[in-house]
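Submitted below is the structure of interest, expressed as structure tokens.
A, B, C, D and E are the chain letters, set down in written order, and residue numbers restart from 1 in every chain.
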Amino acid sequence: SMAQGTIRIGAPLPITGPLSPEAKKLQNGMNLWVETANKAGGIKVGAKKMKVEIVYVDYQSNTPRAVQATEKLITQDKVDFLFSPFGSGAAKAASSVSEKYEMPTIAATASSEQVYDQGYKYLFGVYTPNQTLTEPLADLVKKQAGGVQRVAILARNDLFPLAIAQEMEKSAKKRGMNVLYFEKYAIGTLDHASALSQIKAVAPHWIFATGYINDLILIKKQMSDLGIEAPVVTMVAGPAYKEFVSALGKSAENVTSAAWWHPAVRYTSKDVFGSTENFNKMFHAKYGTEPDYGEASSAVSGVVLQLAIEAAGTLDKKAVRDALAKMNTMTFFGPIKFGPTGQVVSLDPPVFQVQKGRQVVILPAGIKQGDLQLGVK
Amino acid sequence: MAEPLLSIKGVHAGYGDVPVLWGVDLAIERGEIACLVGSNGAGKTTLMRTISGLVRATAGSIAFDGAELAAAEPDAVLAAGIAHVPEGRRLFSAMSIRDNLLMGAYLRRDGAAAVEADLKKMYAMFPILAQRQEQDAGTLSGGEQQMCAIARGLMGAPKMLLIDELSLGLAPAVVDQLCDALRALNREGLTLLVVEQDVATALEIAKHAFVMDTGRITRSGESAALANDPAIREAYLGSL
Amino acid sequence: MRKSALLAAVLFLLVALVPLAGDAYWLRLGTTMLMYGVIAMAWNFIGGLAGYPSFASAAFFGLGAYAGAVAQKLGVPMGLAWTLAGALSLAFAALLGLALLRLRGHYFAIASLVVAEVLRELVNSATDLTGGGMGLNLPVPHDATVASQSEFFFYAMLALAAITFAAMLWATHSKLGFGLRCIQQNESAADMLGVNTTLYKVAAFMLSGAFAGAAGAIYASWVHYIEPPDVFDVLYSVKAIVMVLLGGAGSVFGPLFGAAIFLSLEELVWRNYLQVHTGVLGLMIVLLVLFLPKGVFSLRLPWRKGKP
Amino acid sequence: MTTLLQLEGVTRQFGGLKAVSGVDLSVAPGEVIGLIGPNGAGKTTLVNVITGVHRASSGIVRFDGEDVTGLKPFQAARRGIARTFQIVQPFPEMTVAENVAAAAMFAGAVRYGDEANAEALGHLRFVGLAEMADKRASSLTLAMRKRLELAKSLAMRPKLLLLDEVNAGLNATEVDHALSLIRGIAARGVTILIIEHLMKVVLSLCTRIVVLHHGELIASGTPQEIVQDPRVIQAYLGRRYAAGGEAAEGQSHG
Amino acid sequence: MLSLQILANGLVLGGLYACIAAGFSLVWGVLNVINILHGSFIVLGGYLAYYAYAQFGIHPFVSILIAAPLFFALGYILQRSLINRMIAAPVLLTLSLTFGLDLMLSNGMLVAFTADFKKLTLDPPLGVLNLGGIALPVDRLFAMVLALALTGLLYLLLSRSRIGRAIVAVRMDREAAALMGVNVKRIYAVTFGLGALMAGASGPLLAMIFPISPLSGPVYLGKAFVICVLGGLGSVPGAMIGGLALGVVESFGALWFGPEHAITLSFTLLILMLLFRPTGLLGRTGYA
């Protein structure tokens, strides 16, 4: 690869199968970064600039195949660096392969601490741990909706949704709230009416539901159908996507959520994008829409890798790995500094709420576009 | 004499590429009872299945009542007026006796009343079927199943009825009754072709008999004449 | 039988040379192929010999994977963990068989299909032991080199495949296999002839369970990370059947060849038709079923005609 | 021992229907006994109860001095009760020899392998199917299948052989052949219970005939006694026998 | 009160389940074909309704009328051209065949529609019916009523019509049915067509309620399996009873054991059912 003067980065993605929409988002972000970096002449490796290229491999939304694809990228395609497969589960599974080959790997979409607590040295993730989503949210609710005492949590029994629900439980309890209902639902559940009827019966002030977008659309729809109302309804990770709002219309109003990034944040940086605003603009020019957090996190994965290579001044894996570990820098995504496990610790994930059909940032205070509205029907 | 009702000429047929029938010729007159006898594996069942369209004739012609049936599907054959009571009864095992009989009338278009009347007739002929109307056919005893199968064939109001193994598994008294009933139906105009292992009985009720051997008709003629033929007696009537 | 054994020995020896090619990717592919082969052969005990359309492969595989992984997590050495996993699957198959093998045909098929789902949900909810939906990590040995690890798992899978094959060869040519064939053709008649049908079927099911379970355990150690939807994936059950059909049910080499063919097809379309690879795979299966319903090798066996 | 098979009050009900009702019967070793009765009388059901296919609703089946009520079919088979099916049931995709070897192995306790094959061949020779040994069972004609069925039951080394309409569907010549086979089996000392609607078979083979009607035993006796019993004539034999048994015998149809 | 609400939820859900399973059960019972395509047919019907509504404002209830003949034709042609060739083959072969076809269809849908979830959102929504404190979403209620009506119609067709009796006869003995004058090939195609029709027609109903994606086929297929066995293979009233039973069991299971175990519970129930009454609630022997 050095010979051709191109840096090759392997990206095993779920291009087909149930997760393919996610792969699309990741590709959007990664492609924008590659394009931008190459337009600027490439990545500076010591004295010379090298073009960069991403080698995508489909793993069919199937975790064992993700592991296999990762190994294929390393051994057959001889890539220089790696991006992790999508989500916490697959990233965790594939991380053992990159660790085996001592291959610096950036995880764009893995937040659960269980991914990083394996003692691996080559895995770095740009999402802060899950509790960083629930903590500020709980703070906000505690402060601005004083009466909120009774909490109900419904979580998909799956790595990420479950982990974040457990964090939510902790955050709520820490603030003296009562978690009156905590249940998991199985993957593939077609009906939540029973769970929701029970939730209705405990008359919660705060309903917290996790899952993927289809689960959450279904849950919210059934909540409206069953006439379940609450001052605060939080859902992770559906509302960040446009489809959530368009599928639910009015009943999406006032649903709160949190994510690691939001196009309303504002940072100025020395990376290829220069600033959040500029990133948004370039993204819009290329794809015609606003970026969401997945698209931004995949772009920043490239940015982070680029900064590390440039700091190391070489493509040597060990050196780049060390540069990543030492990194303390600002990007369009926010400040990036990795903790001892390799997970970013420097970000303040924004909290937002669907208001009048738009995702409006309500926290952190510095970038907020509106205030928390109570009452979800 | 008028045209035969069923006239088979040079029919060849088989399973896959194993030929079983090697040019069968046979003619059955309107309104008669004919029987087909022959040793096991001679091809009697295959001939019947070929007539009713379950097995495709590879050569030859099957003319029935003026229509050519050699290439016809089973439903067309039945529509033309030939019903077939198959070997092994082949009842619809999880259907009641009554429903089995009604299936026999599947192609009939002459109204529910006529079907109902025929149903009564069958029940009169086989009283046990009337008693067990709602019992699943699969749980009937062997002989009861045979009665049900014959009645089902008759429910199609055919011009001609093919019965494979008429007396198989039937008690002697029932065979007598059945023969009487078939004779009565025959007097009303039904033409019958019966395969029967008990050659004595077969020759007794049939006017004409056909003897089949390895896929060909080797003898035919008036039953009475054949019954007295020493070769036939030797081959088919046994020692007892 | 002796001829088959000899041929198999040569075959396995040839396969054992794959690591000489040195490429980690080929090694991984080879390991996967052997794993598929084991699953297909394991299915063949109950599905091919006894003629029971089992969809339990995924259940056994997943159970073995979790049993092996949990055992290792609790400190049991790897080899012993694999053996324990196989034994557990064997015992589980025995109990399951006693209950389910009373069912016939479709009913058995569905019941066996559902077992994997139930196990998956159980593993999902037994969070303390299995990590539930969080998945389960196995220790990555840091003292061994990358290459030696890949080779190690390749040979482990190869050994399992060889043992499974030997068991299948033995079963096919023994009283057990004979009884199973009787059951396959007419169970009530077999019963009447004095075949203890329950015992025989359960034995076949146990063999099926033990080998599929052992494959699962090796798999878990090999990939270091398992989660319920992956190891209890119903596709393992379906693939096992498709592979045996491809290779030709009824021949001892069928499952192995079927696995090789299936994996090659999968790999080939995966590489060449990114967006439509499942569709192309589907098309190939359709064509194979329509034109070579007796397996790929029926092409060379024109004298083996089916009944009409 | 004077009885091999002993039935005491055997009853089998299907829903409200008593297919077999309070049957008492004892069969001595070496006997060839005929079981006749109208269609639906319960003959096959009785065989099914003896072989363990159906459980008796009440009553006891004793075989060889032991209570065998409720045994599974394979257990009954291993104790020496063999039966043929009213509708023959070979293993279609196996060879004729394998079919018989299976019986020898599983019920007859012959060792797997050459021993079983040799035994199978012996039985096939006895029934005249030796030249078909390597053919698939599905390719046999009906008469051959019935002989295969006999060979299989012999290979089970039975003490008691239950024959359910083994002669149905055979023509007179073939029936003659089958008769001599059955006599040959009886001559080996096997006790036989035979169900048959072909009176000439029953009359020429059996030492004793029992008659079942509506599930109950209505008569038992020598062939002579039975063909003259008015109840049997009324329920089963019909008008041909009404004139007088002996005369009818000659022209009896089957 | 809570129990009543849960019962209502369960019954409404069960109605939809019945509709999902009826066609699948019919095809399995009569043709001895496990139609893996069934789930994808449902999804395809859902997309039809989605696009009809999004592009032309055609209400999903109307889409059912469009979907029904289309899917019948699709099923009929598929059966006549492909599946009939294998009809006498062992069930595992036909299973592989429909498995392959399903891979093709779902991949095709993936390319055509992408894996993004689409949601048919009625505007204005149909609202919620409040029966003395029990909330019943009108769209679900309508869907259930329609589903049960469809299933009922299918039942009437099978039990009352000539073609229905022919279907039942073919299920039991193909050759004997031919001897009764039944055109077996046509009946097979009609049956497969009816199965596809039921799948295609339930698509629009489900699309009103569940987000659709080319990959939700297996979920519906899984339900169909369970219901089919609960009710008895090949029996339409069985599918209805089985569907309702599953809906109620899942709902109360979620209440009593937690939603996480609702599915496990239904599977456990299924296995128990198989062990103690393998022919299903309404099934009869002689069908396997």
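Please note the rule applied: contacts are C-beta pairs under 8 Å (C-beta built on N, C-alpha and C of every residue); 3 or more make two chains touch, one makes a residue touch a chain.
The structure displayed is predicted, hence computed values, not measured ones.
Separation of subunit A from subunit E in touch steps, taking the shortest path, is 1. Across the two interfaces under comparison, C-E and B-E, the one joined by more C-beta contacts turns out to be C-E.
For the pair subunit D and subunit E, the distance between C-alpha centroids works out to 49 Å. Note on chain placement: the centre of subunit B and the centre of subunit C lie 52 Å apart, centres being C-alpha means.
The mean-CA centres of subunit A and subunit B are about 77 angstrom from one another, to the nearest whole unit. Chain centres here are Cα means. That of subunit B falls 29 Å from that of subunit D.
Shared interface positions of subunit E, defined as residues touching 2 or more other chains, are 107, 110, 222, 260-261, 263-264. Residues of subunit C found to touch two or more other chains are 121, 124-125, 275, 277-278.
Shared interface positions of subunit D, defined as residues touching 2 or more other chains, are absent. Looking at the complex, you find that subunit D touches subunit C at residues 51, 53, 72-74, 77-78, 82-83, 85, 89-94, 98, 101-103, 105-108, 112, 138, 152, 156.
Contact residues of subunit B toward subunit E in the complex are 52-54, 73-75, 78-79, 83-84, 86, 90-95, 99, 102-104, 106-107, 136, 138, 152, 156.
Listed in rising order, the residues of subunit C touching subunit A in the complex are 23-25, 28, 32, 121, 124-125, 132-135, 137, 140, 146, 149, 223-225, 227, 229-230, 233, 270, 274-275, 277-278. Contacts from subunit E toward subunit A in the complex involve residues 2, 5-6, 9-10, 13, 107, 110, 114-119, 121, 123, 125, 128, 130, 135, 137, 139-140, 209-211, 213, 215, 219, 222-223, 247, 250-255, 258-264.
On the side of subunit E, the complex with subunit B involves touching residues 162, 165-166, 168-169, 172-173, 175-183, 284-287.
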